[in-house]
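Across the two complexes that follow, chain A remains constant while its partner is chain B and subsequently chain C.
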Partner chain A sequence: MTSTIERADAHPEAPVPVRKSGGFTAAAANYIEDRTSISGVVKEFGRKIFPDHWSFMLGEVALYSFIVIILTGSFLTFFFQASMVETVYDGSFVPLKGVEMSSAMESTLHISFDLRGGLLIRQIHHWAALLFIAAIGLHMLRVFFTGAFRKPRELNWVIGFLLFVLAMAEGFTGYSLPDDLLSGNGLRIIDGLIKGLPFVGTWISFLLFGGEFPGTDIVGRFYTLHILLLPALVVAFIALHLVFVVVHKHTQFAGAGRTEKNVIGYPILPVYAAKAGGFFFLVFGVIALMAAFFTINPIWNYGPYDPSPVSAGTQPDWYIGFADGALRLIPPGWEFVWLDHTWSFNIIVPVVALLALLGAVAVYPFVEGWVTGDKREHHILDRPRNAPTRTAIGAAGVTFYAALWAAASSDIMATHFQLSIEGVIHVVQAWAVLGPFLAYFITKRVCIGLMKKDHEILLHGYESGRIVRLPGGEYIEVHEPVDEYERWKLLDYEVYQPIMLRPNAEGKITAGMRLRARMSNWFFEDRIAPPTREQLEAGHGHETHGEIEKGPGLV
Partner chain B sequence: MARKSRKANRRHPLATVVLIAIGLVVTGGGYALLSSTTTATADTNASSQETIDEGKKLFAANCATCHGMSLEGTDDGPSLIGVGAAAVNFQVGTGRMPMAMQGPQAMQKPPQFTDEQTAAMAAYVASISPGPAIPDEKYLQADGDATNGGELFRINCAMCHNVAGAGGALTEGKFAPELKGVLPTHIFEAMLTGPQNMPVFNDDNLTPEDKRDIITYLKYIENNPSPGGFELGSLGPVAEGLFVWIFGLGAVIALMVWLTAKSN
Partner chain C sequence: MAHDEVSGTDTSASDSSAVETTRGASTGTVVIASDVANPGEPPHRQRVTDTDPRAAKRAARSVYTLFYLSIAGSVFAVAAYMAFPIEDGDPTALRLNNLFLGIGIALSLFGIGLGAVHWGKALMHDKEGIDERHPVRGTDATVARAVEIFDEADRESGFGRRTLIRNSLIGALVAFPLPGLVLFRGFGPQDQNPPELLSHTMWKKGARLTLDPSGIPVKASDVTIGSVFHIIPEGLNERHDKLEQKAKAAVLLMRLNPDDLNISPEREGWSYDGIVAYSKICTHVGCPVALYEHQTHHLLCPCHQSTFDVVNECEVIFGPAKRALPQLPIEVDSDGYLVAQSDFHEPVGPSFWERS
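What follows is the complex of A and B.
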């Protein structure tokens, strides 16, 4: 199979005359074509090119998990009762027989124990949800580290970010629906979080729960969000996201023949569509296998929600873990009374920190665009090493997130590694504060080291490991030159210079300009330019080494 | 089917019944064996002087360094006056005593004494000063009300031991252990004597019938594994999250790499 090049300036070809013979398929196709004129769309869309790299499929995994979620979720709505009316359980799970619980819990138990296939569908739904958000997360990391969010795709990054937040909201509302002990504990934490906000907290909590926690409204309200509002938003944003992908065309890694003006890969029809269609079933299969063999959210163990008991090891699903972890990391005593109000900084600080983290993710493309001052379109992806500062920022962010995440499982780490929980928390606190800096510096150094290595390879070729003794008795290692394809990959990247601080039209230097110059300097002071043509030609045989080029200090 | 010869049938219709019967006899027999040993311990509650003397010797040799020659306690171990036979049976029967090393909490080891020796020491400690006795067999059959037991467990025990009895962390390196595989006697005695950081649930708190119900519940969830499949340690969302990242996403990524691999 050869790959195809899609040109930005390609014109759709003239429609092929429709043949009037060819049996049922052709007849059906004609019938539909005559009434919808859809062939133009199919053809245009079918000729879209999708480059081949495994990491480009992460978004698809998210999409397919979402389809699985919609399918199984619809099934669950047929049987789930979103009501907190008290009933007495009389199903087949013995240890809950005769227990008073809400209809929500009762119907979930009914789905799990007395409905044919119900438990499997429930487990598929939940595993698919976990996979959905994990795939989104990994997809975002891929897009971040390859710089795929740069112009013209900044808005699509924001849409993707909104999808991530919506997915978390979907997950959390779903987790709360069965009204079991675990979900009730989770809601209680959210309630505490809300109530900890100064002035407005109590009001918002009462508004949300329709009175004092837990009330009898919350399941019904979350249900509306979970099956109506949030999915509608998710579908709308997914559609928009995909439209943008088609409009912008897909990005690609640098390689022979690949330019900012073309996309090299397979056309969607037939190869890519076949692969993608098959891939949907593979993803579905993986989820179904997990659901068939591994219990998820065994609500029958948790029992119905009752505000008094709390189980050891109560945790949210993984995607809310970072919020739970942030709460756990705050040292005790950050609460005081001032102006007749209790100021719960143990809650305000983590809430603000989390919002700041999410906000930083959302606006990053704009910040980077502003700092680089780069207004051009980018369709060729960066190798992470070639954008050391961005990669280092990303690594710092991941490290911070991972620390919050680890904190959410501090008790499990304590019991399983026989540590004291206080010790675990202290270590994670240090990790959350120092880890990001460490990750930043290490990553940046590693990136620059790798760039140096690439530079060497371009100039002198690979170390072949073959040692040759020269007639004079000298030993040298033979270097193999890089081939053309490899050279494209190594050479095709850009180097930015820090912005020079120049007075604007009015002859002034504003504070914003200063900040920008300083940030630009921070971004680009350490860089390694790809070797020039002259260097490359001269390089073979000479002993010039790639050096870190230090930008002139600014400001 | 019916026309086929008898021999061709892979299983006689009665085979299932016979299998079940054999299964019942084997488990029942095993159970009888097991409970007969515990009955033996229970009997030593009102034990002969001979057993007490035997217990005294064992105690002096293995326990007195820490608990004192006459149970008065030392710097290395608390006084055992009034702890009763139940505490000794629990501590020695679960392998916590004799304690091996100082730590946040006396760790479980394989029990070092036979049931007879344990019973003898229990009898000896009980003979010095009375305390909670080894529980009566009739509370240990796991035949009570699992529903009541489940509710009591969630209210009284789950905050330390986790709803599914999977265990949980306490402060300063102490922890509430997993409850799978603990003998009914030991569950009862743990509630009765409150080992170390566990509170005492005396008979006014939880009646012996309540304790029986809790045992019933714990045994029910132990003997009826999750209908949803493997339980991932009953650890809840953390285990589920790790699983989906490592195995779920891992499998999917392997598939992606495979799908996009260059075919040559």
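What follows is the complex of A and C.
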């Protein structure tokens, strides 16, 4: 790029396009511009438009809590000793004085009890981590239920999915670092889980722990993962995720004036900078307040890790709960010796089920894209009701996850509600197997019902609440038409027709084509098309009757 | 006003017919959309702060008050840091330090956050802007040029033509990470065989049963009916690999009424007058089976609720575990102390592949 100085030299009389005077700010800006050409960035991004919707903030919450995690985590590394060398505690927490523990536990207690503000930073770090994973989960649900993963965003969905997995890995490695009794039992479960895997399990456990469980290496190894490898991956994937947000521009909900070819909202400078920048401080503030008022992970109550004791009601952090719950739901006896080896299906089945669940989440956009055959870009979000089958699949998935998650608290539920542990497990087993189907059918019917209601409003207006008595003595409720802007929000969606099975160019119908046709039929058999102009006009003709005609019916 | 020319024309173009086989969809895909035209952006609605100068002034006052409040919060946090030291190790001091430092920091953050958001929502120009979207795919010319560049590079390097060079390079690239993989063997000690380690514990003939964690030996006469003891082998506390050994050797000792116990013929003599010793390590994934129900003589693992019946040699009666808890054969030595007759007769703890 040609600098302004060169141009000014070449044509001394030509007007200099950039103001060169104007005080310190202008001078500093010019100094930087001459060396970086940063004006191009400002031109590109300064007025970039972001659409507004509360649900778009979930991803922001995840990003901001990650920044909080980095800030507080860096502080903690200056004090934490990632070592399992045995030492005798001599800090200020009296009940543990004289207890043998690892340096990791001792330094965590030092941070909590002897360092001013140390406990606060530790609790901010832990609360922020919990919020990080929760926000990612909710953000993924938002993206799923609004169809924001459709072309061109399939790959960004996969990146987001990887971030979700990485966040759980960050959480688990971080939570294991203090080497306390609770996290040590968590590691013991991981060890037993790995040992149960066929062929490689024993050796993977042996290498991971540097010999026999628990060994003296695991905290140091998890520390390297927790503060180096995993954060590097998280940062890289977040950067990539955001680059794609810029490349694709943000999706928007249907609304008057909004199309697939524009994006309407507020510019980064100044409104978004103020709102999103301010929002970072709000998220940070909420986390700080939680850390000030609510204890999290009180390792001093658990004591150092010892393979013999365990506390009743042992549970992992909530985001690992679904994995722990999957282990609990396996009925007795799923383990066999065959060909002189132990096949632990009580381990293999839950591991495979969890991987299948995660895998299904990762590939869903590609499956739906294949079923619809729609190769267009989509930037207008679906309202969940307008994609009933997808919403129902999502509800089934959430129900299954919830069952696994609830199972991780089976003992707590049993003691709190005075139930038998067997009864709770059997109910949750039934929930895990039947619940998804139930959730699927209910959600699909609810979605279609809501679509019918929208259809009704479009054709006959909304119920105004005004009851009128006609001369004949009949009472009716007057329906008022919605205005054209509100109407557009209800109207602007698309439905697909199930694909017709037709022979390809070679005159054949392949098994893949059959499967796709069947899937398409499953997805789009029940659908309610948006009304046409003609239908709207016909509907409005007798809106004064306020009479409810027969429902729009399925197309 | 619906004056936006961009959105107006675009929507009418894309939604011109009610049923269309849309461009960009594969054959057979039929999309149904409404043929109603996009009404364009609704008229802009003014905020109170746009129409009422007093409201705008109030909003401005709120914003700077919030920013000042943030400064106050920061100062408060610094003051709290100094005013609430925790050197004396007093739990109340710690609580106050945590609480007031946290409140100060939260106030300082909320002040900035609320102020900025309020400024953005109430005072900043609020007319929405429009960006046009372009297809994510590059223009045809760009794509064609990219293809051309790859073709040129292929021609100039001979990558596609010189197959021997290319394939040997691919082979080399596949092989070069292998040494890195081999290095991972060093993650565990070279001279140990894991299945072998998992098959033995510290227990051996004559090893005394001692209390966990003190290591005090237990006499048979100390174990009354209905009592339960957490047991470790004698000498465990002196071992450098204490935790590793404990993770295998931990035992639960219980005394039941001898008539209640159903003992199989091959285990006659493994117990002493109703005193039985079982591995405490769950055969599911290795948690300590630490909960003993006196009434039912059941052992419950708090991690995944596997339940073992002590009366019937700790067989599984509920939960994901498959195998009974291994029994440690015990006897009484000449001094009346409980000792092991041998090691466990099978590997303890979670299942593993090489176990049979």
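Just so it is clear, the second predicted complex is superposed on the first by the 521 of 555 C-alpha atoms of A that agree within 3 Å, B and C clash if a C-alpha of one lies under 4 Å from a C-alpha of the other, contacts with A are read in each partner's own complex, and residues count from 1 in each chain.
Quick note on the criterion: contacts are C-beta pairs under 8 Å (C-beta built on N, C-alpha and C of every residue); 3 or more make two chains touch, one makes a residue touch a chain.
Because the structure is predicted, anything quoted here is derived from the model rather than measured.
Shared-chain residue A:Val94: touches chain B and chain C both. Judged by the touch definition given at the top, the superposed model places A:Ile412 against chain B, while chain C stays out of reach. Contacts of A:Ile296 after superposition on the shared chain: chain B is touched, whereas chain C is not. When both complexes are overlaid on chain A, the residue A:Gly313 reaches chain B and chain C alike.
Looking at the shared chain after the overlay, A:Val61 reaches chain B, while chain C stays out of its contact range. Within the superposed three-chain model, A:Leu282 lies in touch with chain B and with chain C [touch as defined at top]. When chain B and chain C are set side by side, the one touching more residues of chain A is C. When the two structures are aligned on the shared chain, A:Ile159 is found in touch with neither chain B nor chain C. Once the two complexes are overlaid on the shared chain, A:Trp127 sits against chain B while remaining clear of chain C. Applying the stated contact rule after C-alpha superposition, one finds that A:Ile49 touches chain C and leaves chain B untouched. Where the contact sets of chain A with chain B and with chain C meet, they give residues 94, 113, 119, 123, 275, 278-279, 282-283, 286, 292-293, 306, 308-314, 410-411, 421-422. Across the complex, chain A is touched by residues 104, 146-147, 149-151, 154-155, 158-164, 166-173, 175-176, 217, 220-221, 226-232, 234-245, 247-249, 251-253, 255-257, 259-260, 263 of chain B. Remark: chain C residues 2, 4, 6-7, 10-11, 14, 18, 22-36, 38-42, 81, 84-89, 94, 97-99, 101-103, 105-107, 109-110, 112-121, 124-126, 128-133, 135-136, 184-185, 187-189, 192, 194-195, 197-198, 212-213, 230, 232, 241, 243-244, 246-248, 250, 280-282, 284-288, 290-291, 300, 302-307, 316-323, 349-356 touch chain A in the complex. Residue ranges on chain A touching chain B, taken from their complex, read 1, 52-58, 61, 94-99, 112-113, 119, 123, 127, 130-131, 134-135, 138, 181-182, 275, 278-279, 282-283, 286-287, 290, 292-298, 301-303, 306, 308-319, 321, 408-412, 414-415, 418-423.
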